[in-house]
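Okay, so chain A shows up in both of these, paired with chain B first and chain C after.
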Partner chain A sequence: MASAEAQTGTEYIRHHLTNLTYGQHPDGTWGIAQTAEEAGAMGFWSVHVDSMAWSIGLGLVFLGLFRRAARHATAGVPGGLQNFVEIIVEFIDETVESIFSHKNDLIAPLALTIFVWVFLMNLMDLVPVDWVPELAKLFGVHYMKIVPSTDPNITMAMALSVFVLILYYSVKCKGLGGFLAELSFHPFPWKPLAPVNFMLEFVTLVAKPLSLGLRLFGNLYAGEMIFVLIALMFSAGFVFALAGGVFQFVWAAFHLIVITLQAFVFAVLTVVYLAQAHETEEH
Partner chain B sequence: MEDLITLELATLLHVAGGLMLGLGAVGAAVGVGVLGGKYLEGVARQPELLPMLRTQLFIVLGLVDAVPMIAVGIGLYLIFAG
Partner chain C sequence: MNIGLTLFGQSLVFLIFVAFCMKYVWPFLKSAMAERRQSIAEGLAAAEEAERKLGEAKSGAEEELVKARAEAAQIIEQARQRSNQMIEDAKGEARAEGERLIEAARSEIDQEINRARESLRRQVAALALQGAEKVLEERIDQSRHDRMLERLAAEL
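Right, the complex of A and B next:
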C-alpha cells in the first residue's frame, strides 16, 4: 500500500474492485476511464481491458504448457511436466467417463479446458493483492484487477457459452420438437398442464447458466474481498500487521482448496448439464 | 435530521451485512454437517466406494459452499465499502 496515506479504507477497497475499463465517454470520445465514476458512466459499451488481457493470457499459458507437454511426450521415462499433465488429463478423463455415457468427442477436452483455465484464473487470487496493481501504477495504469474470475463479465460469458452448447446439443439430440416436449411434459405428464410444466422447466433451464456463472464469481469475489481486507490490516500498526500476515497465510491455504474445488465444480457441472442435454429416453 | 438519517442507514447496512454472514453460515453449516455425516456413514458401510464418494462429496461441497460464500462477499462489501 504505497499510497495508503492519501486513501481511506473504503477508497482502498473500491480501488481494488475497479476494473481497467476502455469505452466511450459521455462526451463521445473513446478512451480508458481514469476514475470509477467515469467507468460507470460508460455503460454497456465498455471493455474491461485487464480481465480480457489476463484471461486470454492465462488461456495461452494453458495451451502453450499442454502443447509443449504433448509435443515432447515420450513413451520412455516421462519428465516432470509430462507427468503433471498426464495426471490432470487422466483425472478429467476418468471424471467425464463416470458422468457422461454418450458418444461425443467434444466433452472431455471441453471439461479439461474449463478446469485448467478456470483454475489458472482463480490462481491469480493467491498473488498478494497489491503487487501487480502497484507495479502497473509505476507504468501509469491506475486500475488493474488481475483475477479475471472476480469479474462477472468473464464468468457469465463462460456460463453463457456452456448454455449455448446445452441448447445446441439438446436440439441436435432430441430435435426441436423433442426438446420442447421435454420442457412441456416433464414434471406432470398431462397435456392441459403443459404451460405450467413449461414455466417450471424453463426456469430450471435458465437457472443453469445463471447459477454456474454466479457461483464462480461469488466465491472468487468473496475470496478477493477478504484478501483486500487483510491487506488493509498491514497499515494499521505492528500487531495488526503481524496478525494480517498470519491471516493472509491461513486464508491463502484455505483458498487453495476453494479455487480448485470451484474450477472442478464448474467443469463437472458443465459435463452434467451436457449429459442431460444428450439424454433422449422418455420419462 | 440529515445526519440522523445517514447514520441510521450506515447502521442498517452493518446489521444487514451481519445477518447475511450469519444466516448464510447457518444454512451451510447444517448442509455440510449432514453431507459429511452421510459421507462417513457411506464410507463405513462400503469402504471400497471411497474414491467415488470422495469425488461426489467435493462436488456437493462446492455447491453447498458457494451460496454462503457469495453472501460473505456481498456482506463484507456492504460493511466495509457500502
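Right, the complex of A and C next:
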C-alpha cells in the first residue's frame, strides 16, 4: 500500500515474495541479504530467517498451548482450554484410528503436530499482507514473509521428514528385502518385469513427499499471491481500493476453508502413507 | 525462494516438535480423556444400578404396605370379634348373676315365710293353750298336752 507508491507493481510483488535471508555474500562475508538478487545469489548455504522464526514461533505457540492443557489435564470437568484442545485431539485421534490400524504411538501425535502446526502457519496468510512487513521495516528489517508454508523449504522439509519416516517404517515392518520386493513385483507380478515395476513404484514412492510438500506450498503460495495482488489494488484509486476491500474479504473467507483443508490433507496423507508403510501382507 | 539450509533447519525443528508432542502432550491428554470416559461410563452404570435398586425397594415397600394393611385388617377383625365375645360373656354373666340373686331372694323369702309360719304356729299353739287353760281352769299335764298341741300345730 504505502510502499507501493514508491515502487512499481512488480517490485511490490517481488518484495513480498522475498524471504529475509541470512547467508554468505559473494565477497565472502556472512550477513542478511539486502536485495532479492543478493538473496538469490546466496544459493543453498543460506537460511530463511523469517520462515524459520515464524514457524518455530508458531510451533511453540502450538506446543505451549497444548502442553499447558496436557499438564492441567484432569479427568474431571475440563476447563475452556482443555475443552478446545480435547476437541482437536479427539478429532485427530478418530481420523487416525479410522485410517491407521497398526500399533504405533508416533502416528497420532505426528498427525496432531502436523495438523495444528500447519494450520497455524497457514493462518498467518490471513494477516493483511502489509502489516507485519511494514512494521518490520520500522525496525530496519527489509524483508519479512510471515507465512512459513509459502516457503517451499518449510513444506518440503516436513514432507521429506515424513518421507524418512515412510522409508524407516517400510524397512522396519517389511524388512529391506520385503520393501524392495514390494517395489519390484508391483504392479506386474512377473520377475522379468521387475526393473519396470521398480521404476514405476519408485516414481510413485518419490511422488509421495513431492506431492505432499508441493501441494501445501502451491496452495498457500497462490493464496498469498492473490492477497498481494489484491493489496496492489488499494493503491490504484478509490474504486479499485473499494473493490480490493471486497475481494480481500471474500478471498479471506474462502481461504479460511483452504488453509484448514490443506492442514488436514497434509496430516491425513501422512497417516495414509505411513499406514501403507506398515502394510505387510501381499495385496 | 531458494532451497537452502532452511530445509534442514525446519526438518530438525519438525522432528523435535513431533517428539515433544509425542512425549509431553499426547499421552497426558489421551489418558485424561480415557479416564474421564471411564468415569462417565461408571457413573452411568452406577446411576442405572441405583435406579434398578430404587425400583426394587419401591416394589418391596409396596408389598410390605399391602401385608401391613392386611395384618391391620386382621387385627381389627380379631378385636371386633373379641369385643363381641366379651360383650356376650358379660351379658351371660350378668344374666346368671341376676338369676342367682333372684334365686337367693326367693329362697330367703321362702325361709322368711317358713319362719313366720313357724312363729305363727307357735303363737297359735300358745294362744290355744292359754285359751284352753282359761276355759278349763284346770291344771293341765304339760307333757300330755304338748303332744296334743303338736298334733294340732301340725294340722295348722
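The criterion applied here is as follows: the second predicted complex is superposed on the first by the 281 of 283 C-alpha atoms of A that agree within 3 Å, B and C clash if a C-alpha of one lies under 4 Å from a C-alpha of the other, contacts with A are read in each partner's own complex, and residues count from 1 in each chain.
Basically, contacts are C-beta pairs under 8 Å (C-beta built on N, C-alpha and C of every residue); 3 or more make two chains touch, one makes a residue touch a chain.
Since we're looking at a predicted model, the values are computed, not measured.
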- Using the overlay on chain A, decide if chain B and chain C clash or can fit next to each other. fit
- Who does A:265 touch here: chain B (first), chain C (second), both, or neither? first
- Message: Per the contact definition in the header, classify A:210: touching chain B only (first), chain C only (second), both, or neither.
- Response: neither
- Message: Tell me the contact category for A:113 with respect to chain B and chain C: first, second, both or neither.
- Response: second
- Query: Regarding the shared-chain residue A:75, is it in contact with chain B (first), chain C (second), both, or neither?
  - Reply: second
- Message: I'd like to know which partner A:85 touches here: chain B for first, chain C for second, both or neither.
- Response: second
- Vertex chain A, Cα centroids of chain B and chain C as endpoints: angle rounded to a multiple of 10 degrees is 100
- chain B versus chain C, judged by how many residues of chain A each one touches: C
- Go through the superposed model and pick first if A:13 touches only chain B, second if only chain C, both, or neither. first
- Task: Have a look at where A:173 lands relative to chain B and chain C in the superposition and call it first, second, both or neither.
- Result: neither
- Message: If we overlay the two complexes on their shared chain A, which of chain B and chain C does A:218 touch? Say first, second, both or neither.
- Response: first
- Compute the least Cα distance separating chain B from chain C in the superposition and give it as a whole number of Å. 13
- Query: In the superposed arrangement, what residues of chain A touch both chain B and chain C?
  - Reply: 17
- Query: Where on chain A does chain C make contact in their complex?
  - Reply: 17-19, 21, 23, 39-40, 42-48, 51-52, 55-56, 59, 62-63, 66-67, 69-71, 73-76, 78, 82, 85-86, 89-90, 93, 105-106, 108-110, 112-113, 117, 148, 151-154, 156-158, 160-161
- Message: Can you tell me which positions in chain A touch chain B when the two form their complex?
- Response: 9-10, 13-14, 17, 95, 98, 214-215, 218-219, 221-223, 225-226, 229, 258, 261-262, 264-265, 268
- Note on the structure: Listed in rising order, chain C residues that touch chain A in their complex are 1-11, 13-15, 17-18, 20-22, 24-26, 28-33, 35-36, 38-39
- Note on the structure: In their shared complex, chain A is touched by residues of chain B numbered 52, 55, 58-59, 61-63, 65-67, 69-70, 72-74, 76-77, 80-81
